[in-house]
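Two complexes are shown next, each including subunit A; its partner changes from subunit B in the first to subunit C in the second.
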Partner chain A sequence: MKHGQGRTAVLLASVAGVALVAGAATAQTVKMGIPTFLTGAGAPAFGIPAKEGVELIIRGINNGELPAPYNSVGLAGRKIEPLIYDEAGGGTKQVTELRNKVQKDGVDLVVGYISSGTCAAVARVAEEVKVLTLLTVCGTPRVFEELVKKPKYLFRTMSHGTGNNTGAARYISSKFPELLKDGFIGLNQNYAWGQDSWRDFNLAMKIVAPDAKAAKKQQFPKLFSGQYGSEISALLRAKPKVVHSSFWGGDLEAFIAQANARGLFKRKTFILTVGETVAYRLGKKFPEGQIVGTRGPYGMYAVDNKSPLNQWFQKEFRKTYGSPPAQPAYQYAQGILGAKYAYDKAMKDNGGKFPTTDQVIKALEGATYTSLAGTVRMALSHGHQAVTEDRWGVTAWDEKRGEMVVRDVVVFPPDCVNPPDGVESVPWLEGGMKGAKCG
Partner chain B sequence: MDTELLLIILVDGLVYASYLFMVSVGLTVICGVQKILNVTHGSLYAFGAYLCATILIVYAETGWPGAGAFVIMALTAIFLGIVFGIIIERGLLRFLYAEDEHIIVLATFAAFLILEDVLLLIWGTNPYIAAEPLALLGQTDIADLPFDNYNLSMILLSALVAAVLWYGLRRTTFGKMLLAVIFDRELAQSMGINVTRVFLLTFIVGSFLGALGGAYQAPAISVQPGIGVEVIVLAFAVVVIGGMGSIPGALIGSLVVGVARAAAVHLEPVLELFVIYMIMAIVLIVRPQGLFAPAKPRKI
Partner chain C sequence: MTKYMDRTGWALTIGLVVLIVVNFFIPEWFRAILLLSLARGSVALGLLVLWRCGLISFGHALFYGFGAYTVALIVKYLGITDAFFTVACGVVVAGGFAWALGFLLRRYRGIFFALLNLAFSMILYGVLAKLESLGSTDGISLERTTYLWYAPEGPANKTALFFFAAIMTWAVAMAVHHYLRSTLGYMTTAVRENEIRLEFLGYSAERAIHVKYTISGLVGGFGGAIAAMTIGHVDPDSMAYWPISGDFVFIAILSGTGNVGAPFIGALLYELIRTYAFEQFPGIWQLIMGGTLLLIIMFLPNGLWSLVDLWKKRRAERGRPAAAAEREKA
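For the complex of A and B:
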């Protein structure tokens, strides 16, 4: 044999060997692509806590540490092989990333996504490349109402944004109607999330508090503006005592610092729809007496939930990361538990054999599964969109615990704040929330 | 419109203008002397904010007098101005002065991207909040609205920086040398001015101003990844409006944008996002070289 041929043979044998080893490794695991913000403005308040929640819940699943009903190892017996990657860079980049994860890395499913912009960008692509995709945090209702009306591979494992703003409107109007005497005003970032949040809240308020009028001028500062002096002056001058805001991340932290220095929170009551994401980080600097939400029963609302599953998560998270788990940690963990539920159920339905993707999809469609702090019902959009209860309360500093807590909590059932199946969010709100069941 | 509202718009506008001036003046100084659009200016702002916030957090726990925070801001800016000024000017720019301006912009952009990653390596992705100095100076009521004195003090700081720069340029030997270099680099060199030294000192001063902007802003913002990008976009807009390399231009550009933005927020909030770039577009159409662009000598 010539030297050249020998080298080729050795090379081919090596490649074949590597392929066999790789094949053997993937056969024993479920490859899960997990996009979350690891860099950029979305990382600190959302991406990093989400990643921590992911790492913890996967550790629990792979080691069989979780209490019932998830006390078996892996997904349908196979351990999760996580590929955590950065969601930063915008929709176009994430579409490429998704294709790469499916076509090059061979992921079996994708669980994640925080930004509504990213979800809108990848929604159709997930269907096109036929990869089971569980959206975890992004809130835009457009995903299933406009972009993918008949989903097969795409799911979302938490309520969309409409439910959250409807819950906010129900809470303020029922709990503190006296604050609405002079109406209400909005301070939201000038992009899809901020504008949609204000639209939904405003529409919901027209139904639940028709006498309270929205101020004529709403504030829509630029995303990542960082400077809010003029907006704070405008809010201080405005008559309404109630301010609705879907601010998040560094913008929210900067706003709180600047507003605290000017005493804004002493004169106005804020409804901070995702305020909980920074409440633990800011500690005592987070204003007391403000209304905060988590688009469900997560984070601060789950601290006292006594279910063994939730208590395991709370205890292990605090032990591992030295801080309490905020809502993104819960929301990502909820997505992964959804995957575990579906794989395990599909295996059972398949006579104990490892299921196909189609069998997993069938198991998750329309399912009701136990999450860390409540039940997730895949009730909307042909069983692909989840609904959960929505909790609202007022912030207070708990000296004994040394952390921010919520008081005066009201729990809204899923059917009270979400549109019924087959009805889109905006027409539902405009039509007077027909079919809402608040018990 | 009532006088109270006018007064509030003016105060809000001045506060925002002083912020814009602080983040753009260093850029315009370097642009004027070295004819460089220095994208690393955003990194200097970010490093100033990060380093200052980190030290302020530690300082707050010592219980030492709050006034020390202002000394920390100044020292942070001086330290970063010298270190980064020397590293970037001597390590990168001096090899590129003979190259086309576009190449230099791309080189500073590359350095900016590297420095963004260095920030992440050092400080990670978590934001830093050092808001203690914000409460230190108390509040002042203007037209029945409380304003925090820390942000009002930025107006004074900007005025001080503008005055020092004006004095330095017009009344000192180094300033006159600088003006000579701005007017004609080759002629200044032939007259015996050490242009290499002038360039280095200018870059250190520009870097110091960028870092000072970040350090002084640190208590009022959430210091987190990406703040350098936001600042550099705004600073470019101000420099384009005022005229590349003009300090009075940066001052007037900041004032125009600051007051226009404050007016938009109070009178027609939907225009807030639009107003800065609308002004920039109008200036580019009417006077493409900017409002106060320095005169260029015609070479024969």
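For the complex of A and C:
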């Protein structure tokens, strides 16, 4: 009997041990909740590199290591206290987690989110619990066009998916029109990002390449399904030479491995709208001659950007992690730089005193700020949705550098691929991209 | 003690009063955890009913999902946000489905029963994830819940939902408890112990199982409906995917089958462990959950309720020497 009680006590103690909170009270910091994929299929090729970018840029900000214009310490003088947590587990879980971070841990702002599914789930909740939230990666235009039409607390610091897919359509139709004579086909994950990406690309193609026809049947495998045997078979049989795919992260890695084995990349040209996410990780295994994007000017497209800020990031990232920074690192760092810009500006406007959240929001609304590779303009959705330029090119292996590079790069200015303010993506595309300025 | 209010009945009622009182002293995030515990505890209660007759389901997210999606779809397509109506619909739809499935499932036992449930829950998952009209993998966001003519805003809304869920859950737990103490209810144990003997007593084991399965579906649907309103968003990964069914089995193992109140305590403990594991060990929180389950199975094979049994036994043992002394005196 006694023995049994001892065991029970051990069990209870271990349960209680897990439940212990290490709540060290620290004043004068800015608590930043940072969701990113730490476990599951989204982690290795996207969530973890994003986390590395976060840790590097926060180190730079907290130590004042960054070059101008961010050469001051902290956010409005206060150091960032990051709370990095897992984005895995679905939208419902993330809604609960966001509430926890705000109401339990008292974060001052949230910077992050990769999956469009998560963003769709948390968008309204962020407004409800009144927490400044900078969406860093997720691409679905629905966030501001459907879910939160009058945002106050919610921002997104990179272009949404429409700009990226419009850029893709412009690039292939102007650079490689001969590939399109058998039309094109889609391979996208069955969730917000995949569905929106295909829809936008298809609509944009109708305008820039009206003769190219979309295949009758598109492939929509489940997100994070990991096995693409039947999709690859279907693509091998399909007539079109061009495949549009918005795959990312672990799914893309798995798909490339499986498609390589069956020679798919020799027979088709892929437009991998965010394919750059895995290009460095796969190295030589990443297929050459494929059209890849980064939803902006990040990663492979930023390698030769000579701005001191970018050079610091490239150098320190390679030094710290032993690999070049791909787009997830850039995109998360861009979100945190957005926060830094807004806090610093709000402090200046506030006469040098630490700003309130409302003042930070005001500073960021409609702002234009310098990021690692280029400028971010908070141009759409009442100044809450960013636009950046969009770069496209074709992958090639650079023997001298020993890493994947992009060739035949075309730069599309933000106003060329994004709808003007106040116009939603789908009507803009259906209406023939009125007001697009391609310079 | 009347017919309806035995010790468990009183304990549940006291639990309800405690919940309503603590509502005014707890932070928002903890209220959300309590609400989720009520929801998930309800589903585990459904598992308890089945478990008492020796059956375990690996697919109870089926009914959880049905309840949650019924609420979400009513809000989305009919625009009705009334809690009483939507929850009633969720319960009826899930229960109706359980009743229909029961005709097939009541013929199976053991691992076949468990896996058939899993299969059906994954069919639901597949349908929800594939169809864009059902929200696909993004799921559906819910509008704010209303209560008949009462449409509270801000913090009052959370309090209203909490009271609603607490009172409803109390009613559900009382009903299930009452059922388990009825003749039909006691048949659960009879089914587990010896089906053939039960049949010779003139009862149909299959019918007994069918009734229990339906009850279990009703209660599961109720849990899903409350969860949907608590979170304000439903998606297939969080409502119908197989690990969610696993969570319910976890909670059921954690709580044990001793008492209808146990699943709610188990669910609360589960939510707390998960919250803190997630926070303190963001990279390996799943490992902590698995470790906890292992410890429970090793040290508390009958779940948390073994602690109560232990306490009862100890009290009886302490009483025994005294009784012996009494006898000696006499």
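Criterion: the second predicted complex is superposed on the first by the 412 of 439 C-alpha atoms of A that agree within 3 Å, B and C clash if a C-alpha of one lies under 4 Å from a C-alpha of the other, contacts with A are read in each partner's own complex, and residues count from 1 in each chain.
We adopt the following convention: a residue touches a chain if its C-beta (ideal position, glycine included) is under 8 Å from a C-beta of that chain, and two chains touch if they have at least 3 such contacts.
Model, not experiment: these values are computed from the prediction.
Of the two partner chains placed by the overlay, only subunit C lies in contact with A:90; subunit B stays clear of it.
Judged by the touch definition given at the top, the superposed model places A:410 against neither subunit B nor subunit C. In the superposition on chain A, contact of A:195 is made with subunit C only, not with subunit B. In the superposition on chain A, contact of A:234 is made with subunit B only, not with subunit C. In the superposition on chain A, no contact is made by A:68 with either subunit B or subunit C. Of the two partner chains placed by the overlay, subunit B and subunit C both lie in contact with A:38. In the superposed model, A:253 lies in contact with subunit B only, and not with subunit C.
Looking at the shared chain after the overlay, A:438 reaches neither subunit B nor subunit C. Residues 38-39, 190, 222 of subunit A lie in contact with subunit B in one complex and with subunit C in the other. Looking at the complex, you find that subunit C touches subunit A at residues 27-30, 32, 36, 129-130, 132, 136-139, 141, 227, 231-235, 237-239, 241, 269, 272-273, 275-280, 282-283, 285-286, 288, 292, 295-296, 299-300, 307, 310, 314, 317.
Of all residues in subunit A, those touching subunit C in their complex are 1, 4-5, 7-8, 10-11, 14-15, 18-22, 38-39, 84-86, 89-93, 95-97, 99-100, 103-105, 116-117, 120-121, 124-125, 147, 190-192, 195, 222-223. Looking at the complex, you find that subunit A touches subunit B at residues 38-41, 43-45, 47-48, 190, 217-222, 224-227, 229-231, 233-234, 236-237, 249-251, 253-254, 257-258, 260-263, 281-282, 285.
Within the complex formed with subunit A, the subunit B residues making contact are 5, 8-9, 11-13, 15-16, 19, 120, 125-127, 129, 131, 134-135, 139, 145-148, 150-151, 219-222, 224-227, 230, 261-262, 265-266, 268-270, 272-273.
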